[in-house]
Amino acid sequence: MPKLIKQRSKKAGLAPGTLVHIGEKKTQELKITIMDYDDAHFQEKGIKAIEECFLFKDIPTVTWINIDGLHQVEIIEKLGECYGLHPLVLEDILNTDQRPKMEDYGEYLYIVLRMLNYNDKSSEIESEQVSLILGSNFVISFQEPEGDVFDPIRERIRNGKGRIRKMGADYLTYALLDAIVDNYFIILEKLGEKIEFLEEELVTRPTSETLQTIHYLKREMIFLRKAVWPLREVIGGLERGEPPLVKGTTRIYLRDVYDHTIQVIDTIETFRDMVSGMLDIYLSSVSNRLNVVMRVLTIIATIFMPLTFIAGIYGMNFKYMPELEWRWGYPVIWFVLVFIGGSMLIYFKRKKWL
Amino acid sequence: MPKLIKQRSKKAGLAPGTLVHIGEKKTQELKITIMDYDDAHFQEKGIKAIEECFLFKDIPTVTWINIDGLHQVEIIEKLGECYGLHPLVLEDILNTDQRPKMEDYGEYLYIVLRMLNYNDKSSEIESEQVSLILGSNFVISFQEPEGDVFDPIRERIRNGKGRIRKMGADYLTYALLDAIVDNYFIILEKLGEKIEFLEEELVTRPTSETLQTIHYLKREMIFLRKAVWPLREVIGGLERGEPPLVKGTTRIYLRDVYDHTIQVIDTIETFRDMVSGMLDIYLSSVSNRLNVVMRVLTIIATIFMPLTFIAGIYGMNFKYMPELEWRWGYPVIWFVLVFIGGSMLIYFKRKKWL
Amino acid sequence: MPKLIKQRSKKAGLAPGTLVHIGEKKTQELKITIMDYDDAHFQEKGIKAIEECFLFKDIPTVTWINIDGLHQVEIIEKLGECYGLHPLVLEDILNTDQRPKMEDYGEYLYIVLRMLNYNDKSSEIESEQVSLILGSNFVISFQEPEGDVFDPIRERIRNGKGRIRKMGADYLTYALLDAIVDNYFIILEKLGEKIEFLEEELVTRPTSETLQTIHYLKREMIFLRKAVWPLREVIGGLERGEPPLVKGTTRIYLRDVYDHTIQVIDTIETFRDMVSGMLDIYLSSVSNRLNVVMRVLTIIATIFMPLTFIAGIYGMNFKYMPELEWRWGYPVIWFVLVFIGGSMLIYFKRKKWL
Amino acid sequence: MPKLIKQRSKKAGLAPGTLVHIGEKKTQELKITIMDYDDAHFQEKGIKAIEECFLFKDIPTVTWINIDGLHQVEIIEKLGECYGLHPLVLEDILNTDQRPKMEDYGEYLYIVLRMLNYNDKSSEIESEQVSLILGSNFVISFQEPEGDVFDPIRERIRNGKGRIRKMGADYLTYALLDAIVDNYFIILEKLGEKIEFLEEELVTRPTSETLQTIHYLKREMIFLRKAVWPLREVIGGLERGEPPLVKGTTRIYLRDVYDHTIQVIDTIETFRDMVSGMLDIYLSSVSNRLNVVMRVLTIIATIFMPLTFIAGIYGMNFKYMPELEWRWGYPVIWFVLVFIGGSMLIYFKRKKWL
Amino acid sequence: MPKLIKQRSKKAGLAPGTLVHIGEKKTQELKITIMDYDDAHFQEKGIKAIEECFLFKDIPTVTWINIDGLHQVEIIEKLGECYGLHPLVLEDILNTDQRPKMEDYGEYLYIVLRMLNYNDKSSEIESEQVSLILGSNFVISFQEPEGDVFDPIRERIRNGKGRIRKMGADYLTYALLDAIVDNYFIILEKLGEKIEFLEEELVTRPTSETLQTIHYLKREMIFLRKAVWPLREVIGGLERGEPPLVKGTTRIYLRDVYDHTIQVIDTIETFRDMVSGMLDIYLSSVSNRLNVVMRVLTIIATIFMPLTFIAGIYGMNFKYMPELEWRWGYPVIWFVLVFIGGSMLIYFKRKKWL
């Protein structure tokens, strides 16, 4: 279960633009990789010193700088200086509790969103902040730990397959966004399976753990929603964005990611509706079981209380109780008891209590 | 019950525009039929090789190409190339989990929506994705399985009755949309009947299956809503759309379909309101029955506990219990017991517990 | 209780503009009446053959054609042809399941709305579709059965009292709308009385029929809302409508009807809030009664179980039970029993259970 | 408790602009007072005949005509004629069930809103309709009964203190609106006290009357909301209104009243949230008490049923029951009974049922 | 727990702009401090007489006047006169129950918002009104008690570190807003911890105090929301504000605070969702415990009632009861009793009631 809120308090009172890493340190070492390409050329390398990046700045080819790990503040600061990033942008990159947003700084666009990952071991959704800087001929991506959903894109760049090598930095940004959003569908599939499983359990044998699971699903949906909902605005803004950075040909692709985002949101809402419907079902099945228990109790009490009373009557020690002397008194009383018990059973059957 | 979400994960990581069929394979063979007509001429034929379609592309008459089955990706790809369809459009056609939408690609409009069908055998709503491409003089429709609601339109084209042969591809598109939306009313009628039946059941004899049915109806409504709600925007957009593809005369008809869509949405909302009202009724009827059961139990206990106590008293074996020796002790005790029991019954009658 | 949805399925697949009457046949004969007037002249007559209407078409005076009964499709078709009505308008007039709407066809406006009537015998709200065609100098009104709320307007036209004879067809339309909306207030008064009555019942003596009534009221509110809510848009659109058909002087009157509509909607929302508040009260009063019942049961059990146990003890047949031999054993045991019972009663009084 | 809806049915069918007083007759006599002032002059008088008002019409000084009582329709009609008020305005003034609204008739503005008063005796909120006519140099105010919140304004006019004598009719209107809205805060304070009192009661000792009070508060909030919510639009419209009637300098003051209105609405919403939270608390405290009762019952039954059973065993009359003959049988059985009872008590203590 | 509403009634009826301090008097003495700075110079001093401030008015350097304590109305009045503040602004500054808002008076902007403080001792959120006046070269801030979150800003001004000394009064205003909003995150962290703690408690051992805490959290959320929600509009308005007072370079910083505000609102909504989910969990866990109790009761009753009945049978005193005479009657009856009891236990185990 992710923390509800990150320790942001250590930043309170600092000047704006002061760079402090907020969030867990998820990786050991900061890792920088560069891919530089155009239609004809392609170069990929890992980088040790951040200064190597600066060489790529003024080259006309598309450069993708990917940075894994955010805890070495000074490196990010240097990069920011070289590429002319606003201190507030750097601050937001380091503060890993951002709401997805897109900001236009004229020279470049700053996009921040959340990359989700379904951890099969803990059956939990893991969330990581991804920041993207889209310049005229470069893209810089910042991630928390290593491991991401961008490998197919890297492969496509390396192979030069598809459109990606022929198009600019905006298309690369689109491809990254698309990979992240596509990944949301996998999360949704997992959740969908859980919901379907839960729904069956609810009908066949609901336990108090079912309630726990419903609650847990609800909570996961709240977090998912918080991560995805603002994305709509982000990608919509990008699609309608001003021309220099996002070209017309890329716009049609962005519309496609936008549609996917809407679909993700739609599905989350459907899931929410279903989960809250399940809570109703659970609660009324609890009530129903209470009813069943109470009916059993009432039947038992209603049958045996009169019988015990009659037995009690003939256990009294009055001197003059004529029935006690009768020859057939005992069998007659048995007959009476069976008759009373039997007619009550029939009565309850008729009332559908049995 | 339809799957909550389709296996989209196999697409994750692929380049945009990569054509993969997502969804069940609902038919054996891909079937292509062509109708080509204008006011004077009419031609209809089934087609084996997709290349035959290409002949109709530059003819001024209206051509309707209908394709049943989406699993043969390469055929759809060829058609797309011939008619100049954007790879993202083809991708969406094949991905049968689309949200209804309309996209303007300048040369043509791409419309995707859901055709619903009420399966009388399983009493379930079946859903199928229909994609429409509206060009200046052609309409291409893609469906998943065979069997649709377009037969009356085909008949009208064949007979040349009504307006349809005199008007262009936009009117044909309207006619297809109208047929699909009209069909929603049939679904709503079925649901309406179910709701009315359920409402009667709720009043006369609610069982725990009633709850199941309410839940099921709720779920069906969620899916219906998801299919219909975005349609409003789609048809509204079409109505207000730019002139070359949709002519002014057709616009008035589109407004009519738009009204129908609004009415469908309205009815779904009304149904939702009613179904959630029914859940309240069900829950409180469960509470009421619990009350009845508890009252019975309480009456029985309240009457017999004191009586049994009294009988117990005279079952004690004390040596000196004067009452036991009395000649009329036993009848007097009977009288006391009947009196106590009787006055309690009267008391409960007064309190309206009986 | 009105049907949830009308049998629209018989229309599915027909060409748009095909005229089929959907709805119950509520009257035997189709009845046509004409009122033709201007400031100076006035003429009123019942009509047998629809062709008689056509004479009034090109006269400058205001003509009001009122048609009761919609089942003779061919008559309505002829009228439509003469006055140049679009086939879709005729279709909508005949389909009595329309949502209130206003459509501008340039030459004329088409308005459809619902006339409500409170049936005192069945204490149900009856609903009827009214279609109005507003042309430059004529108004055509279509109703389902005979009997309407327009008689005071007819009277005003006949007497020439007030503004009505001096003004045009748009003012007549306003007057008809105003009569229909004013009638809604009568419905609301009836509902308001029911709610106040129910609220009192809820406090004094709620039964399970109360729940039924709450549910019934809720349902009536849903239908009322569905009929009135879209009216806001209709009349608002009319008020802001383009000048040739609606004149500036009439606009101020339309604003007044608009205000009334808002007030009706407001009142319905208030009623809805109150009715759902009543459901909460009902449910918690049911819980409260359960509590009362349980307390009675618990008090009885808590008092008599120990007493019966003690009586049971001295009913045992052990040979050596010294108490049984005591001279005052029996009175002492009575004292003990009364003491135990009494102190429990006091305890429960203190705990406010009694 | 105010009536849910006023008897408006007597108006149905009348021509628009027909003047009928709807509402209770709250005062005996219609009372007219006039204040006429500018920076230098001031005149105040009660008036017997309405015709006296007409003299003030064309004087450049600001004239405030205040009318208490609406039942003498003909007087209001005359006033309306003199000041050129539209018949629909007069109709609305007399119909005391108006929703707050502002209407611009060019020559004058018509504002209607509700003046609330907290009746300390009945602890109920009383509501009264106030209509204001703002002309270029006059304000006419219509109220139902005598007694209002305007006395401080009258005092300020008489004394010539503050801005009021230096400014025009629009400022006077602002002052009247401000007085009415300021008075809402007093109502809110009373409600706030009630809510705080109720909240304490809820925690310490909730009774079924608490529920009644919650319900009552909820109802009061519904009515309050209905009265205040549309005011936002009214005052907002006034603030943005066209210049001739409302001057720029007054606009800043209107913004202030607007803020107050927003604050009133905000507070009402907060109260609503709190009251519905209280209902939840109440309901779960009822459930909790049921739990307590049930636990007591279960403990009693669980302890005494086995004990009574054992006593019953040794009350059996079998000939050969060895225990009965034992010398220490009776004490042993007592020991067994006490042991069983005691261990159960310990068990329940451990389970926290006691 | 803060008062629901402040005693505003003492202001009702006063002329607008009348200065009355509404709210508790939170500090003894009114304290005024001045900071005057530009890039090169810096001056800071505490002030005794308000007249000293007036000297700074026409100096081109940025002047920040901070006033702690609002109860000395005349001092604030003098300051207002000197800086040309509108009487309504002064009124709002003194009335400490304002909703956050921003008002543009041309010459200066008036901003009012709430500074929150988490009191660790009482674990309550304390709220204080802060008013800011932003002029071309001055900022005036009004607070209720001493002690605020502005110390880091003061430090930065003193040290001349960062941007603050180089920029104008608008940047100072931004810095103050930023400090206040950053402080909200600390409040949210505290609430988040409470919620997480509560959630664990809910799962492991819910008591009726848990309910109280949920209710309390809900209430705190309502107040928090009321304080923060309107801030969005305030800061958004400031960001889009007209240029003379807010410069373009500052706008980018305001966008940053705006984002933070959105994030605070987002988090509050998430918390609200979670807390209301917790209420559901609590209620159903109460129902579950009721079920457990009822099951215990039913098992006990179902087992012992038949057994006691059988014991009662053989306690009857009939003369002719053959079983009583049997040699093995007593052991057989024990066997029967154990058998019945045992099979019931097995039955309940199978039904999962045990």
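Observations
For clarity, chains are labelled A, B, C, D and E in written order, and residue numbers in each chain start from 1.
Note that a contact is a pair of C-beta atoms (placed from the backbone, for glycine too) under 8 Å apart; a residue touches a chain by one contact, two chains touch by 3 or more.
None of the values given here were measured: they were computed from a predicted structure.
Bringing chain B onto chain C by least-squares fit of CA atoms involves turning it by 70°, to the nearest 5. Taking each chain's centre as the mean of its C-alpha atoms, chain B lies 42 Å from chain D. Per-chain CA centroids place chain C at a distance of 26 Å from chain D. Contact of a single residue of chain A with at least two other chains is seen at positions 283, 287, 290, 294, 297, 301, 305, 308, 312, 315-317, 321. In terms of which chains touch, the assembly is arranged as a closed ring, every chain touching its two neighbours and no others. Across the complex, chain C meets chain D through its residues 149, 151-152, 156, 161-164, 174-175, 178-179, 182-183, 185-186, 188-189, 192, 195-196, 203, 252-253, 255-256, 259, 262-263, 266-267, 270-271, 273-274, 277, 280-281, 283-285, 287-288, 290-291, 294-295, 297-298, 301-302, 305-306, 308-309, 312-313, 315-321, 353. Those residues of chain D lying in contact with chain C across their complex are 3-5, 7-9, 11-17, 86, 88, 91-92, 97-99, 101, 103, 105, 208, 211-212, 215, 218-219, 222-223, 226, 279, 282-283, 286-287, 289-290, 293-294, 296-297, 300-301, 304-305, 307-308, 311-312, 314-317, 321, 323-330, 333, 337.
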